[in-house]
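Each of the two complexes below includes chain A, the first together with chain B, the second together with chain C.
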Partner chain A sequence: MPTREEILDKVQNVLVEALVVEDDEVTPEATLVGDLGAESIDFLDIVFKLEKAFDIKINRGELFPEDVFTNDEYVRDGKVTEAGIAELRSRMPFADLDAFAENPVVQDFANMLTVTDMCRFIESKVEVTD
Partner chain B sequence: MRFEGKTAIVTGGSRGIGRECVTQLAREGAKVAMIYRSNREAAESLVAELKDVPAEVRPIQADVCDAGRAREIVDELVDEWEHLDVLVNSAGIVNDGLMGAMTDEQWRSVIDTNLGGTYNYCHVVTQIMITQRSGSIVNLSSTAAEFATRGQVNYAASKGGINGLSRALAKELATRNVRVNAVAPGMIETDMSQVVRGIAGAEIKKIIPLKRIGKPEEVARVVVFLASDEASYLTGQVVRVDGGLSLGGY
Partner chain C sequence: MRWYWIDRFLEFESGRYAKAVKSISLAEEHLHDHFTNYPIIPNSLVIEGLAQTGGLLVCEYNQFAEKVILAKIPKAVFYCEAIPGDTLTYTTTVEYIKEDGARISASSYKGDTLHAEVEIIFAHLNNSRLGTLFDPETFLRMMCLLGAFEVGHAADGSPLVPPPQLLQEADPGPPTQ
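Right after this comes the complex of A and B.
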């Protein structure tokens, strides 16, 4: 059972490999898209590497619920609706969505996922030792 | 030895163009897993023929329509080999008939094997090659995709699909240094074209500028080139190997 530190360490290693960035760029607050330059294909690699590193299975849409953004009920005029925000909160309890919820522009969503969010996601999938 | 230290999977590897691809890759140093559906004798005869090649040639029985089996095979090979450098999707069938009389089974069998099989192996191998940041995929298409032949709606659709899949996948994987190309053979001396050649071989030769039917090894040489590092700047292409058949005109 990993500690939170060990999870952060492994997540950082995954991101360094997947995104070809330096260790010191992968801070807990760094956003995957904005700060670390992740593109959609990089998310595939990140998921594969996380699955291997933690011996877990990550289902499609579990880390990044892309189907929410193609649902009329959840997106209107380029912004996520209240129902959409509620759906995102329910599907992504590991992510801090408060800042996004203040101005929920769809295009900005990808940029809000941080390294800490990734760690919290892993913590929700594995047993953690304090 | 362009493929020394490299590993490859070839579907449809026991016969025809696939068989030649296995042969040429193996003779150039690659470890090759040859996927065959049912002709065990053909697969074993190829292994025997290649007994003196530098690296392993492994026959694996599987129907390319079986996505679960594709994942099992690729996962096991990559666990053992630690990397996968080349995928050649050569498994394909014909099941000709005019559209008005075509059965659902005729349609589905060709689409599921030719296009579905290509998808199944590309899907699993893509995940490996994305992580590796290297690899080359070559899909066998056909000039039938673009140059219409009566009685081959299903075959043409499957090969047209392979062209589209190959181009789109090339775009997706380019930033990960994975190249994807297709080879579109014309009329080639294989079991698949035996019936057509028997009926209309002489007529077909007249409309081919090079005035002859192609050999499987001639197509395989292009597949293997595209799979190799010599084609390092080639991706998203459909290369016709057809003796000039697609030039049309007079």
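Right after this comes the complex of A and C.
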């Protein structure tokens, strides 16, 4: 069972390798898209490397529920509706959505995930020791 | 004109690896200008050849149902040049194939000499994003032309065979008189 520190270390290694960035760029607060330059295709590689690093299975849409953004019930005029925010909160308990919920422009969503969110996601999938 | 940057498959094991050969000839017009009096195969075309070798491997694994697009090259290192008269052997190995795409690691050898190492990520695009730009038959026809079914094996070791439903459309046989 990994500690939180070990999870952060492994997540950082995955991101360094997948996004070809320097170690010191992958701070806990760094956003994957804005700060580390991740593109949509990189999430495929990140998911695979996380599965391998932690010996877990990550289903499609589990880390990034893209189907929410193509659902008319959840998106209106380029913004996520209240129902959409509720759906995202339920599907992504590991992510801090408060700032996004204040002005939920769909295009900004991809830039919301941080390294810390990724660690919380892993913590929800593996048993963690103190 | 077709965009072929491999000449023939040497080995093909479904979902695992493929080996193909590319013979470089001064008859290839692009070498006349790349570079004048110093012809070398452009590295970008070596990457395209590796992508064709690995892309068809991914296509076949998915029974030609996915539109496989080269999406990213996380790594490409070239160790030497290759010139007319050289034969390059491309080997591609599947790292993973998932619902959304695949990743392969690839190498190019000039005889016993390592020529290049490349990592390639492919994306699977759905029909609405590509229309009929790539038909499954196109990839299957390419596999036939490059001899993949002559040398290939399925995962269980049995001879590789094309999906029956696609075979007739892809290979209608020799023209009739």
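Please note the rule applied: the second predicted complex is superposed on the first by the 130 of 130 C-alpha atoms of A that agree within 3 Å, B and C clash if a C-alpha of one lies under 4 Å from a C-alpha of the other, contacts with A are read in each partner's own complex, and residues count from 1 in each chain.
FYI, a contact is a pair of C-beta atoms (placed from the backbone, for glycine too) under 8 Å apart; a residue touches a chain by one contact, two chains touch by 3 or more.
Not measured: the values here are computed from a predicted model.
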Checklist entry - Will chain C clash with chain B on chain A after the two structures are superposed, or do they fit? => result clash
Item to check | First, second, both or neither for A:Arg60, with chain B first and chain C second | outcome: second
Item to check | Broader residue contact with chain A after superposition on the shared chain, chain B or chain C | outcome: C
Next on the checklist: According to the stated criteria, A:Leu44 is in contact with first (chain B), second (chain C), both, or neither; which is it?
Outcome noted: both
Next on the checklist: Just to be sure I read the superposition right, which of the two partners does A:Met1 touch: chain B = first, chain C = second, or both, or neither?
Outcome noted: neither
Checklist entry - Once the complexes are superposed, what residues of chain A are shared between the chain B interface and the chain C interface? => result 39, 41, 44-45, 48
Item to check | chain C partner contacts - residues on chain A that touch it in the complex | outcome: 18, 20, 39, 41-42, 44-45, 47-48, 60
Item to check | chain A-facing residues of chain B, complex | outcome: 127, 130-131, 172-173, 175-176
Item to check | Interfacial residue positions of chain C with respect to chain A in the complex | outcome: 71-72, 74, 95-96, 98-101, 103, 121, 123
Checklist entry - Of all residues in chain A, which touch chain B in the complex? => result 39, 41, 44-45, 48-49
